[in-house]
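Taking it in order: structure first as structure tokens, then the write-up.
Each chain gets a letter, A, B, C and D, in the order it is written, and its residues are counted from 1.
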Amino acid sequence: MLYKSLKTLVILSFLISLLFFVSMPASLADPLAAFEGMKGEIKISGGTAHIPVMKAAAKAIMTANPEVRISIAGGGSGVGIKQVGEGLVDIGNSGRQPTEGEVSKYGLKMFKWAIDGVAVVAHPQNGVKALTESQLKEIFSGKISNWQRIGGPDKAINLYTRDAASGTREVFWTKALGKGEIFDKANVVVSNGAMKAAISNDPYGIGYVSVGHIDDSVSAVALDGVAPTMERVVSGDYPVARGLFSNTKGDPGPLAQAFLDFLFSPVGQAIVRDRGFIPVK
Amino acid sequence: MKMNEAPAPKVELRNVRFDYGGAPILNGVTAVFPTHCITAVVGPSGQGKTTLLMTLNRLWQEERPTVGRLAGTVRIHLNGGLVDIYEDRYDLTWLRRRVAMVFQSPNPLPMSIYKNVAFPLKLAGEKRDHRMEERVQAALRQAFLWDEVKDRLHKDARELSGGQQQRLCIARALILKPEVLLLDEPTSSLDLRACEVIEALLAHQKESCTMVMVSHYLEQVRRIADRVMVMENGRLLPRDAA
Amino acid sequence: MMRHAFKLFHVWVWGSTLLLLAATGTVIGFLLVRGWAGIGRELVFGETPVLAALMLQRPVFDGLFPAMVGTLALVLLSVGMALPVGLATGIYLAEYATGRLYSLLSLFFDILAGMPSIVVGLFGFSITIFLHHRFSGKIYPCLFISALSLAVLVLPYLIRTTQAALEAIPADLRLIGPSLGATRFQNIFHVLVPHSLKSILSGILLAIGRCAEDTAVIMLTGVVVSAGIPKSIWGNFEALPFYIYYISAQYADADELTRGYGAAIILLLLCAFLFGIAFWLQRRLSQRWFERV
Amino acid sequence: MTRSEFLTKYGFMAAAIISAAVPLAIFIFMALLGYPILTSGRLFGTLLGAWDPIHQSYGILPMIIGTFILAILAVAAAFPVCLGCAALVSDAAPGPVGRFLHGVVRMMTGIPTVVYGFVGIFLLVPLIREAFGGGSGFSLLTAALMLALLVSPTMILLFCDSFGRVTHTYRQAAAALGATTAQQFLFVVLPQARNGILAGVLLGLGRALGDTLIALMLAGNAVAFPDHVFDSARTLTAHIALIIAADFDSPEFRTLFLCGLTLYVLTTLLVLGVRLTMRLPGRRP
């Protein structure tokens, strides 16, 4: 009697664990299943380099579960960190690591889901394809103001920069310009997308943009002989590298957690790769 | 009613002065308009005849912004005695439902004939449809208009001819059974035929209503007025004294 | 000598006008030429089936539908909020206020009418942040806040058109009601307002146009790049003018740019439509009476 | 007065008070939030310094200058064209043409600002870049030209209005003396309408000062003082739109209210100016 019931128990537990093992990988394979039964809104703002990935992720999630609403705004890394810190959004993106001050002030938790670089870009028809660090510093401080001095046509250089809230600017300013001056007569654009659009339309413009955003419409300028490709960023040859972060205030809520899990899932990381960034997994 | 019978006064003005933004219009009008009479006020235009009418229903106070100023007393026989209509305790609405007015040019509201006539009654709070219908019909009959419009009561009032429109306005003024009817050159924009109909219907109303009529036409005045007064330099004088 | 000078006058006036018309024509023409080809079902609904999108069963991506619904919701909400207050204020100004109060109120509404929309947006935004800090962490910039700020923006338009319409009513018409024993309120509601309905309506249409086109207010108070159809007034939303602004600065590819042109054409047509009706109504006003038989 | 009369009257009055409280509330709110700067002793530095947050310098003077230059440029560019157009619409053109043009101008007021900005980016910016080689095309001039187009209908309609109010008898008198249309306009209408023209210019300035999108999209937004019209520049309005601050206590956030207050005061002064010109005597030549 005892034996029989023990046997049943063993078989039962075996069956249950079998069921468990069969079903587990299935739910792992479909990260969207995590959103099942959830509803509500995820507010995201901040870093503009992140936007293409955010939009693609939102599309995948909202298609699978229309009850979930994801709103995406830009503003720049500084805005993202402050807004999530002030509780205005659920996820604040930043294209730079939040400073210790910011982390302790707001109790931020950081999630780095991609590696990116910041590259100098010019118009595709512009002959200047490589610059040295010192040339770059002089260009961005306004000391070199004509393309002729760096091997281009006799045309004035049109500088484009980002506003102070930009993480891209922060990284570029720190790692490429060595915190050197940025000329205050430079045009200011509001996002990575805007930078790319502006440079692709201005034959004599120069600016800097997330490596993930680079495509045929702009030409990336090699820095000290190193071309800003993802491979060189990963290998560490290209110095102006950074992570893309999503930050939450304290532990993320269930919806935000599911969203972040999705970003780190194979599907999410495939999106990251597809949009031109280097996945972390 | 003959002029020498001295009927009871319905409206009594004593030394009424009116200035409009500092410009004097009435310079001390003293007059009596007797009950059940048609009193005509004649005189050249621009002498304040319309203003005189408007002092009797306080309509001048509706001008915005109000820059008119009135002094003196206006008393009307209402509620069984002569009352000073400018006393605070008298409500404007109350006054105007008893002292009705018809304007120089026909001014039907842009609604159906029926609604036009029923309008004052509706404003006064009448909600019973059958009461309303009775009163409208009665008013239209009083205005000699019933037969002409009974089949198209719900047509736009503006489709009527000028004379019909003015009779409609008279019906509208009469529906609340006013005790005084003020008429500001009611036929001046109409042809002779339309004019005669209106004169006839006004003569019919004398028993129920005291009328003060501003007019240009001496012919007309002679035909229907019991008394005639002349407006001159902001004063009102009996015709024979003028 | 004089002759030449006055010939110059005609060159000047005709030249100025043609220059202006040419410039405006270029703006509109450029938009239509570049964007007309992109107008179509995909522009609005992307790859989502139209019916499913309209029934809100499936979200629309890569289409203008969410932005259009957002703008519609925004317009309805803000005009809905501004209308009662604007009408009542216009009526008060035209029918009740006098003397010094009248001048003082007029001055305030002139100041409000002249206020830059970004200042109104900043006001809405900072009030929200203030409330978020002091009262509830659940108060964010959202559709409701945007609509409220836009309501502030169009309030003076509604006040002014209502006031002007009422003040333009000739005295003889104004006196009919009172002469028949109408109280001031009855006169306003049975005679004066119905009579000025058309010009008030055209003022409302202009206000709608203003709500639909304004970008500065909403970009501070809750509009976002991507949010889908607004499901609640407490959430973020998309809107056509902001979409146009966003695309103009940072289109990622030719498709997005085409959608930007499409959005600009749609917004332009919407505003032209509203303004056209408004002006047509105003012209019809020359007929003295309104129809309400 | 009956009860309902009383209630409705005070209901309307309440609405009017709410409406009138809005501009007051905006002012008070801005002043309160900007108060720490106004009293911190840094007001002078904030008003007159440069914008360089990395070095804790939050000056808005470049934006104030940019705002002024842009608005004045736009109105200056628009003024002769608007005056000519208004002259044609209200005076020189035969009736139907004038009415048609008047309608067109009114419809122009309905073109969304963002559409001007959009076309500006894709049409005018490259044009300016090519035509005046060197610059990026995002410049004061670009924004001013589009802004001129934006404020034109407002100005033209006001001009037409003031021409229309010139007493007809004066014109007839001039016509009787054999004056041509041009002479009538230049010697009779124009001098008499000068208050209206001034009001139109002030109103146009107000529109130009307060516009955000065209400046934001076309002027380049550089924080430096502009040296010439091909320079990139930032206006107060664009500055507010660019600095989306979320933290209540940061100096960036505070200075936004200084920008807002400055705009508020400027537009209020213009409104007062318009009211004053409307009231000025001088219809008579």
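Worth pointing out:
Going forward, a contact is a pair of C-beta atoms (placed from the backbone, for glycine too) under 8 Å apart; a residue touches a chain by one contact, two chains touch by 3 or more.
What you see is a predicted model; the values in this text were computed from it and never measured.
Taking the mean of all protein Cα atoms as the centre, the chain whose own Cα mean lies nearest is C. Across C-D and B-C, the chain pair carrying more C-beta contacts is C-D. Ranking every chain by how far its Cα centroid lies from the centroid of chain D, the top place goes to B. Rounded to a whole number, the gap between the C-alpha centres of chain C and chain D is 18 angstrom.
Chain B and chain D have CA centres that are 53 Å apart. Chain geometry summary: the mean Cα position of chain B and that of chain C are 47 Å apart. Centre-to-centre, using mean CA coordinates, chain A is 37 Å away from chain C. The set of chain B residues that touch two or more partner chains comprises 93. For chain D, the set of residues touching two or more other chains reads 2, 244, 246, 248.
Residue positions of chain C with contacts to 2 or more other chains are 95, 129, 133, 183, 249.
By the touch criterion stated above, chain C contacts chain D in their complex at residues 6, 9-10, 12-17, 19-21, 23-24, 26-28, 30-31, 34, 84-86, 88-89, 91-93, 95-97, 104-105, 107-123, 126-127, 129-130, 133, 152, 155, 159, 183-185, 206, 209, 212-216, 219-220, 241, 244-245, 247-249, 260, 264, 267-268, 271-272, 274-276, 279. For chain A in complex with chain C, the residues that touch the partner chain are 41, 43, 45, 48, 51-52, 54-55, 58-59, 62-63, 66, 69-74, 86-89, 189-194, 196-198.
The residues of chain A lying in touch with chain D in their complex are 75-76, 79, 82-83, 85-86, 88, 155-156, 158, 160, 163-165, 183-190, 198, 201-202, 204-205.
Chain D contributes residues 50-54, 125-126, 129, 133-138, 220-224, 231-232, 234, 242-248, 250, 252 to its touches with chain A in the complex. Looking at the complex, you find that chain C touches chain A at residues 57-59, 61, 129, 132-133, 137, 140-141, 224-228, 231, 235-237, 249-252.
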